[in-house]
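Naming follows writing order (A, B, C and D), and every chain is counted from residue 1.
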């Protein structure tokens, strides 16, 4: 569905970049669970612009308002509607873009589809839409905990352009957030910072890849055939703005291996049979194995540039645009919590699906 | 949903490798359309085993039977149910595997999920399930034609292990099918064949990537936010057995480019504004642009090997298994029509979604 | 789905009686349509309490706020989120009910399901939830108009207890709204008023039936088998608070007729074959015939009484409650626009479904 | 969805009256459950024609074939596909109807929708489609048992035309099946038989109502707002061929009562608070209370008559048709197991929904 994700834990996001509000409507949460709004707000802080010199200077406090579904901090079992009322909208920054198609944005294709061009800031296609996703992921984290499942979901920036981090062990979220580029390898982090800073000065932009590990996931999640766990993850990740690739386990690397190299053998762990290694990336036949989910997502360089760009307007006339609006030269540091949020959403959906099979 | 794909053109597949039948139930097709069953059968010929020395010798004729939805070759508007009655099942080939977990197959994870192990041939996780997908893709092709949309969907094997084809222009399906490895570059095709043949002799297996181009798609398909065209494609492709990666447009390559290099500018074509180049791979903001959809899918080497393998059985005892069952040393040549079929399914679903917006 | 209706035109409602806001999230609306918010507000006026001495004195202005999906009054194609911020909540009126189960309300069953009891005013089960439905119906009306379909949807109160109106011709909405009880038969209207007024004075409540006619609907809407037009209408109507019965066409009356009496013959109208009479109520085999949809909905007497009532509290102790909260002695007059709204929602959903079958 | 019911326990039916097969595809069943096919076959015997002189003489054995999802009688967790291959089709009986619109059948409206007229026997709109529903209900019964829930679902014919049975206590299914008209009141049963027999001789048909009681249902099932338990039941029942009304609890009778008469008070049962009486029919606020679900469904007289009827053909010419095809003068006796089957399907769907909320 266009604006909805999930069959059991169902998230609808709403809102445009420069409208009244953005938010999420979340259905499928059990009743009588405590939801800590401060923890959701903390997630939003990690996503919001203005965190560092490398991100968009748009100054939004992104204050969470709960419109429905809670009574004294506990879920009623009814839909949770959360809104962030837009504040620092400055549509005047975008006035000069009203009739202009920005290259490699969704302005033009949106108009082709819906017969109307969002006048400013990308409307619904703005990265601001991801606020609703982060809220939903933050709720999913707490719902999973209520079910007794404390996942560790950690993503980090693994490559920027042709620079690559060297991360051996699973980092903590704290280690990731230590650097403004969200890379737990300090040497790579500095190199990433320098590169992004240089690219920004040149009025250009840059992409890279995010690696994500989900530990603590039980075996048996994921639906065979179409709703394989990796298929739902791939959909969730490719639905993020600017994402261009998804890999599970060894990913593209698997295509270079022989079957005898790639296969994971079985071993005994506390008397139980289970896969010995995790080249499979936590899923076999679309079903989780208990090994960490390991996947990576590639993001293209942001389409908005910090320099004058030639393009066409709605009348087909050549125009020059300058990036008056606020934007990031590199989307990846802020995409880290969004990737994590999407992982929580997908896992909770699959977890609830599996609950329907629990014979007492 | 577990065994169903699509919101508007809805495909459910059913059946296990060694059961009574496999097939597809298809809903959402308009009435009074002519459906040519012979064309569907031709698709099945391209998918079926036993096509060459490089594929599984399982000899299935895979004869299509239409159980419902047709009257004198025309659709009634009711669900189309197609079945292939299994014939060359030989479960005795798999009898020695009844209690054994084959490495990197779905035997073990299926049992973890459902509490029962398919006794032979992978059950529902067998590649035989993809018969239903191919049937549905073949129907989708004809339905799109009835709507006046003659897509050209062509996929081919682009890499095998570290060998890469050199394909400059979009090949025809005929050019692809000329070689048993389904690669339109004759030099690469020969190299692929030799490699696969050698790997087979060594009792091993090998993976690679498939490139797919969808031409003739109108601008405006794909749903913003969660059901982006590339997101639905990613899900469809990652739901295929053995697939490990998905890339749209420049894919991972985009992560190495600057924004100024990757952006596609606008141009005028017969007076209308449209993107000049197609680094975006046919989608912007999740919506098709009219440029060909360009994506690639990576497949791991097949888990079944042609040599003795050490593993564990359900009691946790070490056992040795030989690949008595029939299998392919490389899944890619037969995966080509399956990738194409999935592309048809996704595009038709998005096409029908867009029809709900046509204001007269 | 719990809080969502429709497959093509999808309405989610949210909010509790005494929470921050109630509203609707609506997806599936084409882009570039003009939406007149004043017309939606007019619908809300017809639904809101405080309209007459016979309805709840709760004084809510129910002012519509559009949170998303609109740009200068035109749809963007993205989800429309509408909220009504609650104002006249007076939860103190319900403080004495915090631990009490009100007879024949949802307090007790909600707690059984979700493990938590809404403390006041019924929470999500309050009739206040229907605000979102009315908003969605009012939007559906305008969307149908944009598609060139000007339906006439008129409902009225046909019976109150054992009093019955005598309505020969389809009334206009104006004729219905002339009386505070929303009955176009002036004699019956006066009788209804007197009865409801007497019942109110006695601290009691009363039910009845609403008749609805949908004219202008084209033939061919409604999905055969499970999503028959009458089946979706039945679901929509039985999902309304206090509704207990649904009849299509002759309804229960049909069970007293012979087939030869009930059957509708065919005739020629401007050269085209069509049913002559409309005992079928506008649907045959689940599909609309072009004749007006004719259905009726029965509502039980409101559970909240205006006098002291014996009940039990959460500890199982007998308590006496007085209806301190504001309520209607008869739900039917205010249910009229809600029934109409639901009819619009169902018809638009079926209309969009049918658009996917339009071969050019 | 057109041919699919349920969000958690999902049933798709397929097949036309005179096609190759009819059947059901069922998804959402846990793995490793034993399914007794003989019990399903027994359900089919209760539905099939040719049971008595009062039902259609069409002689179908309706032998169940399991195409997928089972291994040695146990579920694999994959979709269960069941087919009945049509045998006694006799399309020649319908040859004279090929271009004729039968009054009050779906021939004409189907053609309006899909642009094609099923040539014989009603195609998909035939009561033969309900075979798939009965299969699914019979599976649902066994799945509920596996979850430890042994419901008692008993329906019976309560009225035929203006004759009414007198049933004080909940009958057993055996008591119901004792009479060919499926009425547990022997006096009424004889009167029903005589009436139907007379009507049949007169070449006419007759309708009536079926009452259904579902005992053993736990409190807490049913989703608030749109997917109320009674709303889903209403949809399921109004999706049955020939059904025209649905009532829950006191139904229409509730509209004649005062609130003080209709309200159910609370009492203590083994120390727990619960409703004392069951005027509510087993649901409050859309959620089950633990009291038996009590509902009734009205069916119109069958449209097919046993005498010559005037109608029009596709060219608009008047023609006379005789009911050469086989049909029932009264649909109700055979509808009893279908109503029961639909109740099982709806309850299982709601039961699985509720399982997603079980916090350990």
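Everything that follows uses one rule, which is that a residue touches a chain if its C-beta (ideal position, glycine included) is under 8 Å from a C-beta of that chain, and two chains touch if they have at least 3 such contacts.
Bear in mind the structure is a predicted one, so any value in this text is a computation, not a measurement.
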| item | value |
| --- | --- |
| Other chains in touch with both chain B and chain D | A, C |
| Farthest-lying chain, centroid of Cα atoms versus that of chain D | A |
| Inter-centroid spacing, chain D versus chain A (mean Cα positions, whole Å) | 46 |
| Approximate Å spacing (C-alpha centroids) for the pair chain A, chain B | 27 |
| For chain B, residues contacting two or more additional chains | 1-4, 7, 13, 28, 30-31, 77-78, 110, 113-114, 124, 224-225, 357 |
| Chain B residues touching chain C - in the complex, by the definition given at the top | 7-8, 28, 30-31, 33, 77-78, 146-148, 224-225, 352, 355-360 |
| Chain B to chain A touching residues, read off their complex | 1-5, 7, 13, 101, 103-106, 108-110, 112-114, 124-125, 129, 159, 161-162, 199, 204-209, 219-228, 230-239, 241, 244-252, 254-268, 271-275, 280-281, 283-290, 298-305, 309-312, 314, 316, 353-354, 357 |
| Chain A - residues contacting chain C, complex | 1-4, 10, 12-16, 19-23, 25, 27-28, 30-32, 65-71, 74-79, 81, 83, 110, 113-116, 118-119, 123-124 |
